[in-house]
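Residue numbering begins at 1 within each chain, and the chains themselves are lettered A, B, C, D, E, F, G and H in the order written.
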Amino acid sequence: MIEQKVVNPEFLFFTAEKKKLFMTGSEAVREAIRKANVDVAISYPITPQSESMHLVGDLFAEGYVKEYFRGENEFAVMSSVAGAAMAGVRVFTATGGPGTLRAFEVFPTWAGARLPIVCAFMTRGVNSPLTIQPDTIEMAYLLETGILMLHAETAQDLHDMILKAFIVAEKTDVHVPVGVFADGFFVTHTKEALEIPEPDIKLPSYDPNNSPVPPMDMESVPVRQMRDPFVMKSNFISYAAHASWQQEVDAARERSRKYLEKYLGGLLETENEDADVLLVTSGTAVCQSREAMAAARAQGLSVGLVKLKCIRPFPAQEIKALAAKAKAIIVPEFNRVGWLAKEIKSVIDEPGKVIGAPRVYGGMTMPPELILDEIRRVSR
Amino acid sequence: MIEQKVVNPEFLFFTAEKKKLFMTGSEAVREAIRKANVDVAISYPITPQSESMHLVGDLFAEGYVKEYFRGENEFAVMSSVAGAAMAGVRVFTATGGPGTLRAFEVFPTWAGARLPIVCAFMTRGVNSPLTIQPDTIEMAYLLETGILMLHAETAQDLHDMILKAFIVAEKTDVHVPVGVFADGFFVTHTKEALEIPEPDIKLPSYDPNNSPVPPMDMESVPVRQMRDPFVMKSNFISYAAHASWQQEVDAARERSRKYLEKYLGGLLETENEDADVLLVTSGTAVCQSREAMAAARAQGLSVGLVKLKCIRPFPAQEIKALAAKAKAIIVPEFNRVGWLAKEIKSVIDEPGKVIGAPRVYGGMTMPPELILDEIRRVSR
Amino acid sequence: MNKPIFQISPGFEEIMPPEYRELVANGPYGKGFGVSDLGSYKELIEEHPLCAGCGLALSIRLALASLPNPGDTVIVGSTGCSSLVFPQVALHNIHSLFGNQNAVASGLKRALKLRFPDKVKDVVVIAGDGATADIGLDMVMQSWFRRENITTIMLDNEAYANTGGQESGMSRQGAVLNMAPTGKKFPKATLPEVAQAAGCAYVAATSPAHPRMLEKAVRKAVLIAREVGPTYIQLFSPCPTNYKFKPQETIPLIKQREKEGIFRNQEYISDEAQRFLDSLEEARKK
Amino acid sequence: MNKPIFQISPGFEEIMPPEYRELVANGPYGKGFGVSDLGSYKELIEEHPLCAGCGLALSIRLALASLPNPGDTVIVGSTGCSSLVFPQVALHNIHSLFGNQNAVASGLKRALKLRFPDKVKDVVVIAGDGATADIGLDMVMQSWFRRENITTIMLDNEAYANTGGQESGMSRQGAVLNMAPTGKKFPKATLPEVAQAAGCAYVAATSPAHPRMLEKAVRKAVLIAREVGPTYIQLFSPCPTNYKFKPQETIPLIKQREKEGIFRNQEYISDEAQRFLDSLEEARKK
Amino acid sequence: MSEKISIRMSGLGGQGAVTAAHILGAAAYRDSLQVTVNPFFGAEKRLAPAESYVRISREPIFERGEVLYPNIIMIFHPHVITLGKCYTMPFFDGLREGGTILINSGTPLDLTKEDRQSLAERRAKIYYVPATEVAMQVSGTELSTNIAMLGGLYGIRPITTMKALEESMMERFGGGKFVASATTAALDDAVKEKFGKVSQMIEKNMEVVRKAGESLTEYSLS
Amino acid sequence: MSEKISIRMSGLGGQGAVTAAHILGAAAYRDSLQVTVNPFFGAEKRLAPAESYVRISREPIFERGEVLYPNIIMIFHPHVITLGKCYTMPFFDGLREGGTILINSGTPLDLTKEDRQSLAERRAKIYYVPATEVAMQVSGTELSTNIAMLGGLYGIRPITTMKALEESMMERFGGGKFVASATTAALDDAVKEKFGKVSQMIEKNMEVVRKAGESLTEYSLS
Amino acid sequence: MYYAARVAEEKCTGCKICIISCPDSNVIAYCETKKVKIDAGRCKGCGLCVSVCPKDALTVSQD
Amino acid sequence: MYYAARVAEEKCTGCKICIISCPDSNVIAYCETKKVKIDAGRCKGCGLCVSVCPKDALTVSQD
């Protein structure tokens, strides 16, 4: 293994000196994993994720990651990742689009088994018809699987969120999986400027003894211990246990808020939050909104921005408060179904304010001009 | 094959004389399929669905279904079903819970390929921890897959909805898959009274020539024809085609409304709709609500019921109108996440009225007393 | 060529693209053409977007030219380089998802049997090594276990090529590829042996370096699949783009691998399948 | 028994359930026990809810009694009848999803190697025929292709038993079962042959009718998996409940099947694995 | 019948609690009553907990799932209580005021003091019937235990006409078409094996019903 | 630079449009400009459409994805227009008022009358550069076509310093660490094969840049 | 009331075959007397042991 | 400007090996002259045909 200095997470996130780099989102994943002290990474190719996992493979070859292999399909990869996590090590993987759907059944089991897996989802549209282009539809499907969901706007976010995800996921009182979402191509393949700490430091290693559920290694009590035993008892206890286990996982997710606040500096971020019109969105729809906001403000329109960094847990209270002041809320999305607009409508007092547009899907970018059109329309 | 008289669907649904029977939901599936003129049925066991598909197997042995086999897993079964549908025949299958999740990636492709497959989903909780008991969580995941979703309250509903689903699914201007959902055990294993037409009649057979997309049989033009070709062209056309294809599938789903209205008698059904408090729900949460409503009205409380029969397309306008008049809207659900409450909140004007409770999960029934508690609480 | 599907409606000749008219006038449907007839008729593929010189493209071209009855053949493909060819192929063909080709084909074939009890409809699966031996292996093998009447052709380019050259189960041990940065740690999967153990009536491994051997294999496989049981063909042709050799080296490279004994042309035929072929031969003679 | 995991903290002896105390005092960890010692120590299974007289339960009991190093063995199971036993087994064990056992085991084993480089941690998969040969076959075979150091044990009761007796790929041809109302249409899957073709270093098929043969197979399989490569054991024991025979007929029935040649006890060992076993034997002698 | 009867039958896999519920439900249906029957089980294994719920009324019944507030609780095996092999706990909690408990046992079980007290407060009636013994004696197989339990129930309160009960049994064991789980089907076969003809079996079963009805003992809580 | 420059480079797989964009972007980054580079492709195959977008500005750039309203369009191959091998159609629609078009061709292409008219209305400037020819002549391989296209661009408007451009090329072809798609990596190897040393290659490339800049022809739309 | 296997001690030779053929753990134990002993509380009365005993030393009966 | 294969007619024996080794359809045609002809518009200049011609009758060059 390569020699790197173990530093405490706060130092790595906030204090360590940063270097400017010009790189793609995929390369940003590599730089995050380089410093993440990952034990096991398992890969399966899928556009637009492949490059990230190639690069993680390079890290393995260089000695930054201890074990790495290509699995046979995403369902298997997510299962293998679960096996490794149950053995008490830090694991990473990534997928996207059809890969996410192929593995779908596994995600709720990660949450249910309290596995602090970090998975990057490089979002892409799903079949049919086949597409490999950006689309955030898979996030709609994952909302209720029990995993935490962070959504990166830029390669910088992606880098930072992955590192922070490990630390949040592994807190004893959280200990649930975290998905870090980045829009395919728009983040993975775009080359942009980043500021990141030098690669000679890394996070402390994962300590399985801090886990609220013991690892499967025949090293910890009790000996008679099964992961996932409840229904087996076939009686009332199984129902009660099942229900309360779900509540506990929910609660664990809720308990992540304080750490997310601390590390991400809030589940959301605002700019001109007192404006008449608020653009509320996540991922690269935020970038496009920033351009639109700048243009609109240049034209004298009162427009603000709410960037949602965290989708699960959902910053419902924060959004509700912000929405109360705004006259209109525009939710631009990179998908057909408008899952984010629905989320927002369901937590605010006057859902009639929400404009679920523009929605772009099929693979094209979202022209800021389309957002501007909506702003103009509601500002009239 | 067994001799049965082909009758027109309207006759079968509305005119044919009915016989009273006492049977389980699983048996009701058999009776529906017996009259559905199904060509191919493919099965994979999973509690609580297995019995239905055993019975469909018996129909195959008796000559009511032309082809039947057990597949190797749900992903494969849903793929085989797609293959058969593309060949231009009527197909049926069923699954539930983990089976639904295992096959997840296939459902959007059914919709995208405009396949009029009817699939019964016998809902059950999903891992971890393992459970085999009723829970409607899988419906939350399927909401945006593009399939139509009907939700049965009783075995009678299940029987009727399956038969009607074929007819709606196969309309040229619809031609998308329909999922008929029934709560595991509560419907599948409960024995109750039904009224159903005699088994000597059946639906007309599927006519692949009415399909808006030609079958893959080398019998129809054009010869150079691929199902799912768009991205292959790799240019602007592919984006535009992808986006407009999604819009067309959406539109096809919307066009189903008129047929659903006709055959189901509306996407929802109400009782005492002018009451102060409305219980709005679907599936067996409706049965439990009926008991609670009866008890509450006996106590002089003003309570009404809205039974949602169709979740996709969602009766948004109808609900919005009903909600406007009510003082409070109680949404009892058999799952942890409250997906139905969220749906409802997102389409009405005053989501603050919605009480997302009681929620029961883990496998137990929902005592009407819990609903009554909520009614009492809001009626105070 | 009497099937109306191959005719242009009167009056529409003018507006059909010339390639289509040529196909109708001079295509292979119902003609009993084979590989030796290439160069003298309008082929099923109308240009393809694969890399120039790709041996996998050649494999597909040869396989399509070898179909005993293209006029009633439906192809099931899978995601991968080959899926870029099929929109350009003048046969009905299906792309569903990555790896589910044999499950789709199973449903398709059974349904076609129902709809056309008196006709032969061949269902041929053509998919990559990743689709066949990795992600789709369960469905491939179960279609064999179930004895489905379909032919499975694997295009073995020893990598996940379409996603940029990752290690697949069919890559050779030691190969350094994406996702195998320190070289592949385990040997090439032995699919022909597995296919035989799983109940295929006919198994062949060959390559586009032997067009006529390839043709014979495809013909036998499709004919046997009709009556006897599942058949499997593995076509070897490493990806020049991802293994970084020049396309024109493809055929010499394959032949070199043969010489070194690294790649072996193989054929296995069950007794029942052999008897069936013999009976066809008998019938033909009469 | 020095591992602290097997000790009860001082002062807590009283409140631990008696079965647990007995296990600590008289369990098999680190003792080198085998099948012949059954009846004289506290076993790993504390009652199980399987049907009375189920041969699959006996198979599990024997397999667990045959583990060379239960104190450092982790079991990966799958959904099915057997999954009802594991909550009652005094080893760390995992249930994840139906069919993904070998993928889970692959990740687990590799991670355990990282965490305990100087210790032997055996990972043994025990799952039903449906889990192994149907829904999980891809993952099972890929773990073999990848040469994972794990042992896979299939409990072959010739049906999906836990869901009420449906046809599985391991059911015999002609068997009338749920979802096979007119009898199974294709033969029992030949997993031992497939395992061999897929690279297993050791393959055995036997049954609980031969407890000592079963024991030898499990021991060899676990030892070989440590050093040489993947190993596979298939344990035959039809489900009395779903095939509707009396539990006490299980063993006579298996023996009858052997006589009829329908079931064959088999063993295959690769040269490398044999050499490894020989070397162990050598070392033991010294 | 004046009001809704809600029955909870708790037994172990293989004892036929699910079948008993189906027979009872079908009998009530034959008598033109409103009825729903819900079986509930986890792992469908011999000796694993198996419960079944029957609701009978003259008015429409909507509710489904477990009966949480039964009028009648039938316990097919002492282990249901003593080993907690059931889906509902604490076991007696939901019993309605004036409810009935029927236990398969020759001798009274050792109920906890708390249970006895709370049952007494609710004016519950407890009956014992040696159902397995009766089954063995009369029909020669313990597989008729479930029928004997129905006999005990009818002894306490004839829920349907005897004719409907007999016809319902006929339907259940007569045709080959009854849908049952594999475990149940296997046991069905075993039962049928015992008797040459179905009619003979039904006859025996009706005798079991009668005999069990006569073998009830009421247990005093005070 | 006064305002944002948005460039769309359209080529065919294997022509290096993605690489050209990366080199240009990295050069701008070296000159401390704000910049984002987005490659876009479907099937990553030789001769399949491949586009790349570069945005350069002194102000922060947020926007990403395809450049819909470019100032500059670079066409690496006539087929992009003539066979519609591109991601954006109608092809010239988004070009900004006063925008620039650079086409790899020795001779003017036969633009449609509508295109010519609408481009004229927008006061577009069209340049031709025989990039493939220049690449062959100067560096002996058509694989430097992309560099020649950059040369043409710099001939029209020097977007960065020449020093930054040279350093950027150095970085691109020098280290072994550049992350490229497999197809690109294969072509990289082919390019490197041509030249003994990287420095020699960069030198040739800079010559290609200069020569291409000198080989521009402006095409009059009127 | 419940079925269980019983050993006819005089017939038992202590060959242990029954022990290793019982599907349940810790039901049949090997005694110092070199015979086996059955824990009737744990025995499920399935009869598997009966089917394998070479000495016909086992029977299943109700207590 | 683009590469394509060309036939040296005098060398070609019409053995068709090139035809069945070309990865693209309808590029090489067989003529009445019993020689082959290449459609330069469709030829991608990959050189596969060159590598198999037993008579060295093929070359790839720019037009």
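Keep in mind that, in the parts below, a contact is a pair of C-beta atoms (placed from the backbone, for glycine too) under 8 Å apart; a residue touches a chain by one contact, two chains touch by 3 or more.
Keep in mind that this is a model prediction, so the values were computed, not measured.
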item: For subunit H, the least number of touch steps when starting out from subunit D; value: 2
item: Touching both subunit C and subunit D (chains); value: A, B
item: Chain located farthest away, centre of subunit F as origin (C-alpha); value: G
item: Reference subunit E; chain at largest CA-centroid distance; value: H
item: Whole-Å gap between the CA centroids of subunit G and subunit H; value: 84
item: Rounded Å distance, subunit B centre to subunit D centre (Cα mean); value: 40
item: Distance from the mean Cα position of subunit G to that of subunit E, given in whole angstrom; value: 33
item: Cα-centroid distance, subunit B relative to subunit F, in whole angstrom; value: 53
item: Interface hub residues of subunit H, defined as touching at least two other chains; value: 44
item: Where subunit C touches two or more other chains, by residue; value: 46, 49-50, 52, 83-84, 95-97, 134-135, 137-138, 142, 146, 164, 169, 178, 185
item: For subunit B, residues that touch 2 or more chains besides their own; value: 51, 54, 69, 72-73, 75, 98, 102, 105, 109, 113, 127-128, 130, 132-133, 227-229, 231-234, 238-239, 364
item: Residue ranges of subunit B in contact with subunit A within the complex; value: 75, 98, 101-102, 104-105, 108-109, 111-113, 125-133, 137, 140-141, 143-145, 227-232, 238-247, 250, 336-337, 339, 341-343, 345-352, 360-364
item: Subunit C-facing residues of subunit B, complex; value: 39-40, 42, 66-67, 69, 71-73, 75-77, 79-89, 91, 105-106, 109, 113, 216-229, 232-234
item: List of subunit D residues in touch with subunit C within their complex; value: 134-138, 141-142, 145-147, 169, 185-187, 189-190, 193-194, 196-199
item: Contacting residues of subunit A [partner subunit C, same complex]; value: 43, 45-47, 50-51, 53-54, 57-58, 60-61, 68-70, 72-73, 98, 102, 127-128, 130
item: Interfacial residue positions of subunit C with respect to subunit H in the complex; value: 35-36, 38-40, 42-48, 50, 52-55, 57-58, 61-62, 208, 211-212, 246-252
